[in-house]
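Shared between the two complexes below is subunit A, which has subunit B as its partner in the first and subunit C in the second.
Showing the complex of A and B:
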């Protein structure tokens, strides 16, 4: 029986890269699902468990533990200074040819100006939102399903903003519920299924913008999305449009372009055709009316002559 | 749009072609439709340089008058199904094409020559053949489809996920827009042809004060 179990375990772990001796040492403790400690400051549990399979499937799956966690973690118990140290994500991500267009330089610029970085300078890091042990490079892979992308991205925000304990832990206070702070937005659930939080809560139209605004500056303008030059087309739906062009061909994609936002047909050709139809209708009616007026005037004049 | 003068037969029995309920429905429908065109255009062309209503105002107006139009249309439908007015929409299929041509010829040629209206209003049929076919398709085809496609935006979860290979809600949105457009063109024609009665304003008067014809 034990042999069978061992065989099954080996089959499950077969696709994963072999763990280094170092990583095995780390996972001896952090591989346990129950690995956590009681935070003396907040009294809450801090999860320190790593799922090796999730880690292996993540963007960082090929890295060793020690690639990110410095020498302070070599010994156990880990050094207190090491525990307080933030991860230095940008050391690898900045100036890296794998991320073109100075992506992380731009992300860093946005993040340092963001409300998160300003309000919680010593407590908010990349890892506060992007779990490095599970994170997938969202926009580096092709997006096949916009709702899935929306769910995935919004989950990052909701991890804290839908979790009062976490918010209190981070900020020391409670925030109003999302339903309350978004009460002005019609069809709330529908919007949350179709739009990412960052579409309205960031300060530029760049897709990977990390310049999260203070809530008082968040976008509250329906027309920004419900218009032809929709904000969404330069962010989330940019990727969908690219896919549509590939699937449907360029001309078809132009005809069907930007057709997602509820209530809007948003098709330039259809707009022109509709205006042309109305203009033609008006022209025919006015022409007919003008001809009737001319004929009646002529008839009235000839009747007058006849009477005279 | 009727072109026949009021007439009373020797028996003295008359029929009201435009009963009060119909006139009330007609003008409430006209008001709602006008508001829906203005607010609909404001929603559709939001963000453009055209002088339109603010998006929020347009959204509320469109919802409000959409509901009003739906309620009024339900009453109109019931009254036509259960009452006498429905008979005016039932075409006589035999020889219909010829009669349609006759009416079209009148609008294209006869009206300029002072020819008499070929199909004066009667108690049996107050519409000419073109009116009858147009009203039948507009009121019992276009309008219900426009209303249903509009209502689906109140209950988007009921819209099909996919329709004709497209996102379901988008297909519904396109249907709503195209129908709204054709019915707007119909309304323009309807208002214009109302001036083509015996006098310029006579048909408007009938829809305000009613019109009686002798019973056959």
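Showing the complex of A and C:
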């Protein structure tokens, strides 16, 4: 609750926060929304523009530009060395009381072993996926609505993997399209709407696992999810399970949780079809009853007439 | 009628009704098909007759073969000359040319495939569209979304703006001063375009100045009269006695004669001889001749930059641009009855290789203006109310240069790209227009042009310099009915107001001095001219408005125009500015101007009497019709609502004794602003050209608050 309040307060206050003179200086240039250049090595677009409003509303909205960007950026033109240097996210994030204990230690561990870090050493940073100028921490972005959460999380991956420009920018080459690399997966679009990329592409069941696997190690086992005790209950539906537990109590949640098999029967069309079938049955029943009642009444009336 | 079936039918109640119905349908159909067009043609007073051109006799097979060989040989010769241009020794060059001409690969070059096509098809004479349509009756057209359609070629041409100079479609991005989008939702669509848009640059419009013959007395002729050709028709692909007026009217197509008069070759034949394009007069009236020689027809292909510039040179670098390629003015004006050349460039943005980087790169117009069939896009932004065949198709720098166009200057590239957010590419890369770019044109005080031997308008002020010949204005792609660019300062609302500021005031001292100088020159021929008043009115046209009108103007700007200014995303674009003093009909006056009256070219050029010239133009049948009830209801009322006048008075401005009624000379109440997108330089502007207190950008007029101006004018990086 406190977190929610804090979040609301942040959201309300953020856009009103006056920019510091330093930030103003930076935004004279970086506030220009077309501030970008084509990287001569990769041919990809490097965007240097900051949207002040998005920035203010992000988790880092309270920070100054200088908090992360060091002294080499004070004057224009900036120092070349400073431009080459990576951001040091973990300097703030690791071992900080503001964040859950050991969270970033495990993130760092996962990340360094991940395919991204190994394939693109010195080129892949936290900021490659998490735009620090727009990033919302987990406690802000956690949504009740699972499809929305899926969309949001997958957006981080698809930002590069669904965009040849970005892939080219990062790796200098083009990857096969997602449709091709996932051709084995039936019902592709539905899966992408309902499941996050990381469910299959990370090595553990921890929710914030950053250990993105090489594609040869990614999960290809349908039964891992499409079963009782689905893998998804420990990942995507973890929060929901927690909440249900709070609401319904541990035992009830456990009972209810698997009654409707996630990933297998979660089919909106089926839901609607059964509802429609139910409604139709009811309608027929009611119609039948009504017709019988009408006929009976008529017969009673004619009997009376006959009597008379 | 004695047939038993008809009698029996007639006698039957329903049978009789059916026969009546059929008769009515047939009569109705005939009326629509034959009688209505005839009536309408008679009403608007246009003449149509079969158009004949001097096309000679069909060639014999041998003559054809000789012609083909000659054309091919000429082409190879020209290429050989071009290839050896760097050879300075003339004898060596001649030898090199000879060697090339004997080279095997050179000899295989066949630049004109139609020589063979014509030969095989047995075509020995060019008979206009008929000949082209023999093979090209339909063409494949690729839409912008990649769909391919097969269309009727003739219909495609006849319904293109190049033929009809008008459109009733919406999407002009033009807004009336009443706040409505022209031909948009909730309007009564009216035909708009060059056909009916009076303009102060040519001083007339297509109806009153289509094909005219002018008696000139040039200085070199020692008083001898020389007949000259003049008129809007010289640049239009229809060949008739009048513009395509029929297509303006409801349910009326262009007549067959006009379709047969289409000049396919002027766009498609690289060998087109513009010297043929002069006025011919026959028993039906006057019209423009065409080059329909077989020799020219054999050179057909896709349009090139030069074929487009045959006509568009007039609005690009202007009629009098120097060093044009061979086959251009002044060597293509006609073998006799030469066309008049107009002083003062219309836009002043040249598309010659010294002036434009794309022309220097050898690009052709259709590289950027990518046609869909015969519909040629002019972009989705435009302020000049000229009809647009593809109003939603973009023509813009970003199409090729991406959103991050600066790639070379490694230190500043991102910063330069950043500026694209606020500035159009043109803002930096059009450094200046041609020096003869006209800003102020006086039609009311003609002056004698000794060289041409006619009276011409006086260009009171010409300039190609930023802030003078063109101004930087915010632009979101919309414009007003009188060609004023609309947009707003993206960071400060309610401060920018070009219709009360940049477009109605000339306060540059250098410009004022030149206007005064011009007025003093005019005073020599017009002793009554009050120089101070003249300068005041030319530099501040709002002085022509009464206080009431001025208040109404401000109200209309705030209520109707400002919402359009605030739409979309605005960036700074350079706009060529223009104003003219012409005769206006004050019965149709509003806060943004009054109906300007056209001039009759021969009277104007020959006598130098502008009022008589106006009277003559007003006698034109279609101008008279404009003042009658059908035209008032059909389009003039709507026209005037967009104009900000309200309704068309419909009062013909000529008294019964022939004198003009309620006609006064005025400058338009604001300068028009014409988009300039050519004359692009490779090198852009330097930072300090704008970011300095003496820079070329008037930040205050652009609506920036004082503190932001201070910031923009003194960047720490510039010190």
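Worth pointing out:
Here is the rule we go by: the second predicted complex is superposed on the first by the 222 of 308 C-alpha atoms of A that agree within 3 Å, B and C clash if a C-alpha of one lies under 4 Å from a C-alpha of the other, contacts with A are read in each partner's own complex, and residues count from 1 in each chain.
We take it that a residue touches a chain if its C-beta (ideal position, glycine included) is under 8 Å from a C-beta of that chain, and two chains touch if they have at least 3 such contacts.
Note that the structure is a prediction, hence the values are computed from the model and not measured.
When the two complexes are overlaid on their common chain A, residue A:36 makes contact with subunit C while staying clear of subunit B. The larger set of touched subunit A residues comes from B, when the choice is between subunit B and subunit C. In the superposition on chain A, A:48 makes contact with subunit C only, not with subunit B. Of the two partner chains, neither subunit B nor subunit C is touched by A:121. Shared-chain residue A:147: touches no atom of subunit B or subunit C.
Contacts of A:223 after superposition on the shared chain: subunit B is touched, whereas subunit C is not.
In the superposed model, A:71 lies in contact with neither subunit B nor subunit C.
For subunit A in complex with subunit B, the residues that touch the partner chain are 186-187, 190, 222-224, 226-229, 256, 259-260, 262-265, 267, 270-271, 274, 277-278, 281-282, 285, 288-289, 291-292, 295, 299. Residues 28-30, 32-38, 40, 45-46, 48-49, 76-77 of subunit A are the ones that touch subunit C when the two sit in their complex. On the side of subunit B, the complex with subunit A involves touching residues 43-48, 55-56, 59, 107, 111-112, 114, 153, 156, 166-167, 169-170, 173-174, 177-178, 181-182, 184-185, 188-189, 192, 195-196.
Residues 402-404, 406-407, 411-415, 417-422, 711, 715, 717 of subunit C are the ones touching subunit A in the complex.
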